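Here subunit A shows up in two complexes: once beside subunit B, once beside subunit C.
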Partner chain A sequence: MKKQTSRAVLVVVALAFILPLMIILLWSVTVSWPFPDLFPREFGLRGLAQIFEEGSRALESLYTSVKISLWVTILTLMITIPGGKALGIYDFPGKAFIKIFALAPLIISPVAIGMGIHSTFIRLGLTNTELGVVLIHIVPGIPYGIRIFTNIFELVGNQLEEQGKVLGANSFQVFFHITLPTILPGLISAGSMIFIISFSQYFLTFLIGGGSVITFPLMMVPYIQSGDRTMAASYSAVFIVVTLCGLLAIEKVLKLYYSKSSGIAGAFYTRKKVKS
Partner chain B sequence: MSEILFDRISKHYDKEETIKNLTLKIEDGEIISLLGPSGCGKTTTLKILAGLVNPDFGTVYMDGINVNPLPAEKRGAVIVFQDHRLFPHMTVGGNIEFGLRMQKVPKRTRREKVEEMLKFMELEEHGGKFPDQISGGQKQRAAIARSLIINPKVLLLDEPFSNLDQRLKEEMRSFIVEIQKKLKITTILVTHDKEDALMTSKKIGVMFQGELKQYGTPEELYEEPSSIEVAKFFGEVNEFSIDHEDEHRIHTYLGAFNKTRLSMKRGVYYSKLLVRPEAVEIYYEEHSENMISGLVMERIYAGEKTYYSILCGERILKASVVGNCHWNEGQRVFLKIEGKNTMLVK
Partner chain C sequence: MKRKVQIGIITSMILILATSCGGHEDETKFNLEEMTWEEILEEAEGSEVRFYGWGGDQAINDWLNGFLAERILEQYGIILEWVPMNIDEILNKLQGEKQGNAVGTADMIWINGENFYTAKTNELLYGPFTEVLPNFVAYIDSEDVEVRYDFGFPTEGFEAPYGKAQFVMIYDEAQTPDPPVNHEEFLTYAKQYPGELTFPAPPDFTGSAFIRNLIYDIVGYEQFIGMEADEEVVREAIAPAIDYFKELKPYLWRSGETYPATIAQLENMFSDGEVRMVMAYNSNLVSQRISSGIFPETSTSVIFEKGTIGNGHFIAIPFNSPNKAGALVAINEILSVEVQSSKYDPENWGDLPVLNNDKLSQDERAVFNSVELGKGALPQDVLLENRLPEVPAPLVPIIDRIWMENLLD
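Moving on, here comes the complex of A and B:
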């Protein structure tokens, strides 16, 4: 009985996630779907064709978006891994304050932060550039990265790193051979999170990019606003597929890299040889 | 292989003193133990030597060289931690190989050395397994193998036996003594178990609350403890305050003892006389002078020994006799304590 209830709950939750996606996918291949029909009256590939046609601005913006999001992911990880480690392992004065401070972008509206940074970026000449957009995208990703890595480091501690050091590994070797593989699960979740946050950023891109840096959401929003549901749904479908691919890619690349590196660590004792 | 000198080392954590003015010299190729209850600063001492913790005061010397400025990876002092700390993402072979790989030793040499080490540690079949696929004893051996393969100057063992069951513990103890003899590597073993220390080490340092109370051979520590704490750490003692002493004798309320102990130093004021339970002899009759009359209060038979609590005057005296003995509860007995079997402490 209990099992059945929990299964029913699972199904409902799954449907709650999947149904909206199904509707988006349906809309992306719909020509007309008047009220009160339950299913579309006519199907067609107008939306997707327009996105994928040659020389389409959509593809160009998709490329820009992926490029920016990957850079943002790498840079944000570079900031939040050491940050999270410091907060998770070491004790220093003002730690509690910094912990809260790092979460500030979650609490304070990105509009407020964006406006402040905007005026600074104008002076630095970073507005209307991809670099400027990359930098501003780092801001909303930081709280997530810091949070995840703080928790991870609190959990794993620095015992393995200490062991690595006494075995003769320098700081660089300790980081690449011990720290990174140990925090791999956190690395994947934080990386995915940061990628999605950057990829779906509209306002901050618009503010700093000033219309010169066109990302995918920037192309998408006008269609949603204008009520062209087929186009909006097509863009959304592509958006979802690309994010999913992005996430899978991040996970695969990291896992592959580290299964290989531990393969080097045990050069002749790789996973395959295991019998148990 | 290295001679170690801790020179007046102190370390504070949050205003609390973890190590107080520690001075300790360990000869080249020697195996010693640091013994003490948990939280007495033993592990911190190891970490200071390994370079994981910086002392607040004092200097660590290895072979006469001040190693304070050297980072951990350049000291050649390897700790084998209590929880093994094998890298979970590497195989057992990969773990053992780690140190060599960090030194950029060529792959072929690495391979040979790892194979050799796996054989030496009787881990041949487990080289390809991951740490979570092997037993506790094997993990321990893998961790030791990982340390030995880089030829460390000092091997530091942090509670190496505490996670093992009795049989495995005995096996590991003799194993460690054996490799230490074979490789002549300077070894410091940290433990809270006096048996571990007594059975593995030529010398033992007893630590309490960050202070090295006494450093000496097992015999010295057992027979001539420097304080009641040290004496108690090695087993039960009966303690008596000294009333007064004259030229030849020490007087306690239990009677007078001849000053035959070699440990009595001139000019030192001793306040307590200690007697181990096994030094108390029990008789039916009073057949010589200076015997103490008592009443058997409790008898506990524990196989190889029988333990007695005997009421003498107002005090309970503990005694132990090898084998099964027949004095029963409520029986009147006479006790004899030889002066030479007593200990004096300040």
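Moving on, here comes the complex of A and C:
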């Protein structure tokens, strides 16, 4: 009985996620779909053809988007891993304040942040460059990274690292052979999160990129705003497929890499897994 | 020791950030007066021009990225890059760059009406430049009201005409064989089919134009030309029209308690068969929508017997454009017979041309006449004969506000 209810819940949840996606896919190849009809009346490739035609601007922007988001993911992880570790393991005055402060980009509207940073970036000559866009995308990713890594480090602690040091490993060895493998699950979830956040930025990209850096959302949003459902759905479908591929790639690469360098941390991680 | 090194690194980073805030002063000065057209052409060759504007229409985007970019590359070796971006976002960007005294990225912007008014009064535009363009001198009637004024605001050569739009209402002939042509018939029609007519609420651009068009039909348009932007004056002038809207309200979609927020929403409702009428500030939109399969085959456009509002849209050059020579050459090319006629073709865009008929040769006129109008569209001469001027730009937000106060709860 209990099993049946949980299965029903599962089906409902799955439908709630999958149905809207199906509708987007359907709209992307729809020419006309009048109101009372259950299915589109006419199909066509107007939207997808424009995206995939030869020399398409959309594909170019897709490449720019993926490139920027990958850089943002790497850089944000480099910032938030030490940040999360400090907050998760060490005690220092003002820790609670900094914990909340790290969430500021979520609390303050991105418009306000963007406008302020824009004028600074103008002076620094970072506007209208890909570097500027990468830097601004780091901002909204930081709260997620910090949050996830703080929790992970609170769980994992640093005893394993210290043990490694006692046994004579240097800082780099400790980091790559102990720290990274133990925080792998956090690395995957934070990495995917940051990738998606960067990939879907519209406002910050156009503000700092100024139209010189054209990412995929910059091409997509005008169609969503103007209400051309076929075009909007075509772009959205490509958007979803690419983010999914990005996520899978991040997970696969990290897992593959660290399943090879197992060692003590690998054992620690598998033991934990078995326990739970 | 380690601590000290860390603190040292952080302070030096802050110092570097602080000192590098010197700013860029190398504004490219560009002296139009001293250059001949040949020199401008030479300067522009091989450069890149970035054209910013509203990018929500696939047909327009394809025409700009396709025909126009190819033509400008072929003729002048200039790379035209079309950047889809909303005009208010562009103006924000320019404003920010002005405060930061920075060289911009936009060389041309697609603009008109209130936005031109805002841009020009905030000195965000470069100019005057139109008299430099050979095609402007050859083909454009610079004394024409629609060239000299944009929503009643003098253009003074700070923007070049790009195209003309005229307001039309679109009905499905199969459903509405005898569409209303004035405000009384519109009310009767609404009463006949309650809940099946509506329009986007302001500040939607098209919905706001529809309201002005009904106001014109009720109280006449003449009094608005040169009317001062005073709320009381406007309120009094449009009072009969506001009464009309109140009478109309209960017969609209959802009894007028809510209105579609955008014209896009209304278009979708029309193509879904939820409402009987849609409107457009582009007289050829209907044929383009029919050929993309979005509107029914029997859709047709209608204007009021007293006429409908028309406006022009323009191209301006931002004050901080990095490539003004390239922008001038591209704008000049846009004012050519070839580009204007290609733009007029409903297969491409269907935007009305801005060239003056009297200034065209026999052959050139034939080029425009050979453009085949698509299904449901009205011919250019019918539109031009029934074309009413827009109200002055500052009146637009006032009318919108008064309408919203009275009709939205």
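Quick note on the criterion: the second predicted complex is superposed on the first by the 262 of 276 C-alpha atoms of A that agree within 3 Å, B and C clash if a C-alpha of one lies under 4 Å from a C-alpha of the other, contacts with A are read in each partner's own complex, and residues count from 1 in each chain.
Assume a contact is a pair of C-beta atoms (placed from the backbone, for glycine too) under 8 Å apart; a residue touches a chain by one contact, two chains touch by 3 or more.
Just so it is clear, the structure is predicted and the values come from calculations on it, not from any experiment.
Engineer: Considering only touches as defined above, state whether A:228 meets subunit B (first), subunit C (second), both or neither.
Structural biologist: second
Engineer: Once the shared chain is lined up, is A:100 touching subunit B (first), subunit C (second), both, or neither of them?
Structural biologist: In the superposition, A:100 touches no partner, neither subunit B nor subunit C.
Engineer: Tell me the contact category for A:38 with respect to subunit B and subunit C: first, second, both or neither.
Structural biologist: neither
Engineer: Regarding the shared-chain residue A:122, is it in contact with subunit B (first), subunit C (second), both, or neither?
Structural biologist: second
Engineer: Thinking of the overlay built on chain A, is A:219 touched by subunit B (first), by subunit C (second), by both, or by neither?
Structural biologist: The answer is second: A:219 touches subunit C but not subunit B.
Engineer: Is A:16 touching the first partner subunit B, the second partner subunit C, both, or neither of them?
Structural biologist: In the superposition, A:16 contacts neither subunit B nor subunit C.
Engineer: Per the contact definition, I'd like the list of subunit A residues that touch subunit B in the complex.
Structural biologist: 159-160, 162-170, 173, 177-178, 181-182, 184, 258, 262, 264-271, 273-276
Engineer: Which part of subunit B faces subunit A closely enough to touch in the complex?
Structural biologist: Going through subunit B, the ones touching subunit A are 47, 50-52, 71-79, 81, 83, 85, 87-95, 97-99, 101-103, 107, 110-111, 127-130, 133, 146-147, 150.
Engineer: Spell out the part of subunit A that touches subunit C in their complex, as residue ranges.
Structural biologist: 31-36, 42, 44, 46-47, 50, 57, 115, 118-120, 122-125, 127-128, 206-207, 210-212, 214, 218-219, 222-223, 225-229, 231
Engineer: Using the touch definition from the top, list the residues of subunit C that touch subunit A in their complex.
Structural biologist: Residues of subunit C touching subunit A: 17, 20-24, 50, 52, 54-58, 62, 65, 83-86, 89, 92-93, 96-97, 99-100, 102, 104-106, 262-265, 267-268, 271-274, 292-294.
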